[in-house]
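Consider the two complexes below, in which chain A is the common component and chain B and chain C are the respective partners.
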Partner chain A sequence: MNADKLTNTQISILIVNYMLATAILVLPRMLVDKAGTPDVWLSLMLAGVISAAGGWLASRLSLSFPGETIFQYGRKLIGKGLGAAFGTSLVLYFLVICGLEARSLEEITTKYLLEGTPSWAVTLPFLWLGAYLVLGGIQAIVQASDLIFPLTGFILLVVLLLSLRVVEFSHLLPVLGQGLPPVLRSMKTAAFAYSGPELMLLLVAYMKRPRSAGKAYAAAIAICMAFYVVTTVIVIGAFSIDGVTLRTWPTIDLIRSFEIPGLIFERYESLILAIWIMKFFSTFVLALFASSLGISQLFRVPFRTAVFAQLPFIYIVQELPKTIEDVFRVWDYLSMAGAALSVGVPALLLVLQRWKKGAAHGRV
Partner chain B sequence: MSGSGVGRAEKAWDGDGIVGELREELLDRLETRADMARREISFGRTARALMLYIPGMVQESKLEAIRTEMAAFPAPEHPEDGEAAAERLKLRLQASGAERWTGGLEELLKEVQEGSTALLAEGLPDALLVDTRHIEARSLEEPISEAVLRGPRIGFCESLEKNAALLRSYGSVPDLAMERLEVGSAVRKPLLIVYMRDVVQAGLIEEMKLRIRGLEGDDFPESGYIEQMIEDNSYSPFQQLQNTERPDRVMSGLLEGRAAILLEGTPFALIAPFTLPMIIQSPEDYYERWLPGSLIRMLRFFSALIAMFTPALYIAFTSFHPGLIPTKLALTVVGARQGVPFPSLIEALIMEVSLEILREAGLRLPKPIGPAMGIVGGLIIGEAAVQAGIISPILVIVVAITAISSFVIPVYSAGISIRMLRFGAMFSAAVYGLYGVVLFFLLLLSHLSRLKSFGTPFLRPLGSYRAHDFKDMLVRFPLPAMLERRRFLAADRRDPAKPSE
Partner chain C sequence: MAASSFPRRMLAASQIALLLLTGGCWSNKEIETQSLEIAVAVDVPEPAASERELQRKSPGVDRTDRITSTYQLILPSLIGDIGGSTSDETSSSPFKNMTQTGDSLLENVRQLSLRTNAAPLGHHLKVIVIGDRLARKHDLMTFLDFFFRDNDIRLSPLVLICKGKASDTLEPLYKGDIPGFQIPETVRNQYRNNKILEPIRMYNLMSRLHAKTSFLLQNVVKTKEELVYSGAAVIQGTSGRLIGFLTEKDMETVFWIKGGGRKGGLLKLDDPELGAPLDMEINSVRSRIVPSMADGRFAFRIELEAEGDLMESWSYKDAGRGGVSEAFYAEVEKKLERKLKGNADLLIQKLQKTYGADAIGLYESVRVRMPKTWSRIHADWDRHFAEADITVSVSIALKGHGATELT
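Showing the complex of A and B:
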């Protein structure tokens, strides 16, 4: 592994790149499905705050074990068996994320770019590419993210600005027409958009200034929240809540819905999707890095072996869901698991660690 | 070579006297050194001395000076006076470059082969080595491979001494350090590592010396040998050291914290570490005002993208996604392809390969025939291929744009990388369409993210997030704003958290 340490900005960009991929394409529909009101942007904001708190918790926890990831300090904190169990579930979590990310990519590619291409033909080169980048270590991933983030961020921004023309803000009214319950109901789904605190359990080990990890994470959340809220508002404003629920990929349909005469290309969605593939790639790569790191540190296998050993399993995971609806259902469960893994457990661990420390002090 | 043809009061050495016990051995060694002149001159009253040197490697005026001094030098009367006489002789010849006395035959021959003159005088125990080195070098000319419209017209030549002097005389640079190493086992060649003492990236020089010392090989005729043997990744399509003939380019590299390698016998210096943005940088960007400088640089960037991806996009759009382009354009493109008997990959390959052949042929031909080649290749083949219906005219346009764009890259060898990768992009586009192009881009990105040049990430300043590092990437900021940036690699050295590689 690389000895170079990461700066705050690098961490923020990594996290933004990790979170902001599939979610933004489907989020409006998933949220509206649950809530049934246009107020979902509120739940997005609340979920963001919760995620920031989770990230802060995770960073606090990691801070007590400088230079170590959760896979290493887990056993020190809660004993060998429990630590390994928690580490393994985290690895599985990341592995499933890899699989789902690959699946979403496959779905989108076969739907919009390469109709009728067999799924393995689409997925395999993608998996290999991810493995290739991951083998370069966290520094290589940072380098790649740094190019992917501005490129995709800029494109997303342009798309959002252009689509302002088709937005009718009356679609967003009434605000809180049914009170808070729908907002709270959709929070669970919104959490799916902010799966990121779990990354802090291992990324803090690579930071140059781990003390400010919480701040770096909060900055990342702020950027993502801005993108999410604006996108959701615009998508709902364009299609109204009834229109949104009818569309599998509402954000993509938004891009399809307007034309800019006079430009070279008429249909942008494929082009933009082609670029969005990079976003899938960066999420995939980071999740693969996390799970490989976990395997290599938990079971003391070389990093290289860990990366390659996972590829078949990722492929199986991505083949498992029958339809795209299944994928979203898995994703729903996964975000629950993520919330538990990344907020609940670290909170418990933190309390435990404080208590242990206190006990140790008491004895001395 | 030795002996005849010199109308002076000296003669070729016939092998007698003078050198005492060394005689047999020296004669033996000189047998296979026909290019070494051996001249006998007389000094004192009857004493004789022998001069050994290689004509063409020595400065005639210095030889003349030796002769004059010797003529006035009184020979030692007794053998015991030898030591004192030797001291006197050395003093006399000091101005002509007298270096030291040597008793070793090996050292003597080695020095003479490098251009010194050895003086063996009767009555003196050892041989005096006089530095008379003078090698004819090509005069300093404008670099052919890196011509600029505005900027110094001077380029390096084949002489290491001259090149080093060229850097020194760039201006008074007290901070400039040069370290000498030797490479090659059969042919020893000197090499200079040049850097700025206070600015150079931490650990770079140590790493460089380590790699150069580890070099094995008989001969290093060109700095390309060194480049290939010390680069980080031999399998990368990208160069990891920059070669240049321009002293100003070397100097600006040094000021950024890089180091340069100069090798005897080649005008091409190497600069390391190499980072990707250097591909689109030319010294002219700085000599022109910042606005044209920046715009031209962006133009180069887009040219690089065009050169790499246009044929791939042509293939992707024509054979996978004709629906993506506007209907009218799609109709034109498809209409133009009507009757073309090949799939678009084969069509594009035919044209791209023949373009590469044309380019290579143009390079090899003598200058007067070159333009004729262009006419035959460009006009006749292009035009005829379209009329024969093998190639669609749109593709000819695509290929022409690609070719011209790839000429824009100011670093020639980087242009070659792009030309090679273009074929990779074409193949992946032929398999996966637009998705393939994106995959290829991601592959490239992954590779570049992993690649390092002497420990520096290849994509620097990407990934560093220091705002002032970006002032010299796509946009060349106005010079006053760039002052801080100049030493961006050196910034790593002030960063205690960054370990030296």
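Showing the complex of A and C:
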């Protein structure tokens, strides 16, 4: 068991990989749609801080039950029935994430990379490879994650730097021209980008030094925030708030807005998309791991069975939304559910646990 | 352990073999069967001769012609032939232009598939030229819509207006010319000539059209021997249509007002008293636009500052011809200032009175400095602009005089 323990860095990278996937491709549009001003980078920062607090809460809660995941300690805390209900909703949440992540991959790949390839031919290998990696356990996932993070991060950074040529920073002015309300309005959407605290409900059990879980989580948030803010600023700088709302995938379109003659490639969107599939993959794998773990621990099913049993359902979830707008709508609901599940409930549970402890002390 | 490893290895080997042998690109297409669309020209409908002939021979196409589009297609299958010593006329240019008239751009491009085996690929589109008559007739957003939606065509193509028939710009002037590549290259000469506008590509055209503020689009003119970047078209924000043109002289002034420290170009003085011409090469331009509002009426103060070198002088008063003084330079500076102010006043009057459109982006200063006001009045900006009180002040400093010494 001890060999399975993860270091702080590994946890941070895992969480960065989990959070930094689809959101970065659509965030600028979703945020500006809500806010109507270029100040959305501020809401991204604020939402990041809130998510960090949520992660800290979830870690605190997990700390009280060393080596156990929420699926195991849930019943101890709020009783068998409620614990199972909460666990199940978390499992469903992760399962829907798997489906949506696979769908986003399908949408982007069949549109920009492999036009003409049937969507099942794109997604089935994705699902199967994901399942294969998850069967290898958390260590295998972490190792894949350690490979994916520097590669994807570096290439995204390079491409963002290259796209500075189409940026006019005046598009980001005025700052707070309409005051704070637009910033607050888009906070809810920004939360979508930071769905991650829920992971701390189960990952802390695998940590070598669970005490510093909150710190590891905060580091991950800081990295994600940097990527989000830089990307959003550059995308708005290129398209202005008038243009950004017109594009389905504004970040991909940013890269489709320039050509660089004489620098290995002239066009970079294929490169970044091919690379970014790995990010989709990491999110998918981690969510699949979480839901499988939940099913096996809640219902005492072998982990293997749980993984395979879910694949058909994931595919159904993936194909259910008719249009890309439906996908984004589901995602919107999901991010709210995520906020409730990962910040609201743990906060309640934490209070409950403190109170129980206090009551127990009082009696003794 | 060892016993089980052989079948396992065989299994692994067969998996790898499968991967190597059966892997491939699902929807691959041979490059020889494709053609690369590098330029598109769109015009008011005017069926080409061959299309009229087709109508005669095989009538009954279901359409009310709305738009004529011309595609410049690079044919990779022809490129191989060029290096060889062929005397064949057609193989000397690796492209062909195809013109199609129809209801929509999608229909037009798909119609091409009835006429050629090579399917046009949109990834490499470099330039879109719009005929002025089409731009006067329709909102740019309408006929460009297809380009914004298509998933192959990128947002990087340069967009130009052509006063005249846009499809003419795609005709090669000399053997070996590929207009689709050459037209957008000229934009790079910005650093040498300030009559070229900051390029507008699909990505910022989209934002501007959606913002519904007026702007300028570079104009090109095709003569018998040349294709020239000349002046700009004024696109009205509210209608999205072309409403007029600015001349090359206006373009210089636009460059000054937009400022931004760009280098390039010169300021010419033609003064009977001093002798002419006297050319200042511009080294830096700073422009400051200060908006203000009183009683619902806007006022702008435009302050232009520039430094430059006197790079050509035919004046008998100048150095080299003896008798030069500081006073001479001061006089030149003053006259340059007066001239520039005159040009600016003319341009502003033209925009305010003739076109009633803020195509030089004065609204930017309002948007940034008075955001609350801006959000209230931006839909109606051009009217406010037309009534605004605009004053221009100019200050020019001649810093150098080239390699000719003052004596």
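A few points about this structure:
Here, the second predicted complex is superposed on the first by the 360 of 364 C-alpha atoms of A that agree within 3 Å, B and C clash if a C-alpha of one lies under 4 Å from a C-alpha of the other, contacts with A are read in each partner's own complex, and residues count from 1 in each chain.
Please note the rule applied: contacts are C-beta pairs under 8 Å (C-beta built on N, C-alpha and C of every residue); 3 or more make two chains touch, one makes a residue touch a chain.
These numbers were taken from a predicted model, which means no experiment stands behind them.
By the touch criterion defined above, A:114 lies against chain B and chain C together after alignment on the C-alpha atoms of chain A. With both complexes superposed, B is the one of chain B and chain C in contact with more chain A residues.
Of the two partner chains, chain C is the only one that A:243 touches; chain B does not reach it. In the superposition on chain A, contact of A:305 is made with neither chain B nor chain C. By the document's definition of touching, of the two partners only chain B reaches A:144; chain C does not. In the superposed model, A:278 makes contact with chain B only, not with chain C. Within the superposed three-chain model, A:125 lies in touch with chain B and out of touch with chain C [touch as defined at top]. With the contact threshold set out at the top, residues 114, 117, 267 of chain A are in contact with chain B in one structure and with chain C in the other.
Chain B contributes residues 320-321, 323-327, 329, 432-435, 437-439, 441-443, 445-450, 457, 459, 462-463, 465, 497-499 to its touches with chain A in the complex. Here chain C touches chain A in the complex through residues 25-27, 123, 148, 151-152, 154-156, 201-204, 206-208, 210-211, 364, 367-369, 371-372, 374-375, going by the rule given at the top.
Here chain A touches chain C in the complex through residues 111-112, 114-118, 121, 166, 170, 173-174, 177-178, 238-240, 242-246, 253, 256-259, 267, 269, going by the rule given at the top. By the touch criterion given at the top, residues 3-5, 7, 9-10, 13, 109, 113-114, 117, 122, 125-126, 129, 132-133, 135-136, 139-144, 146-148, 208, 264-267, 270-271, 274-275, 277-278, 281 of chain A touch chain B in their complex.
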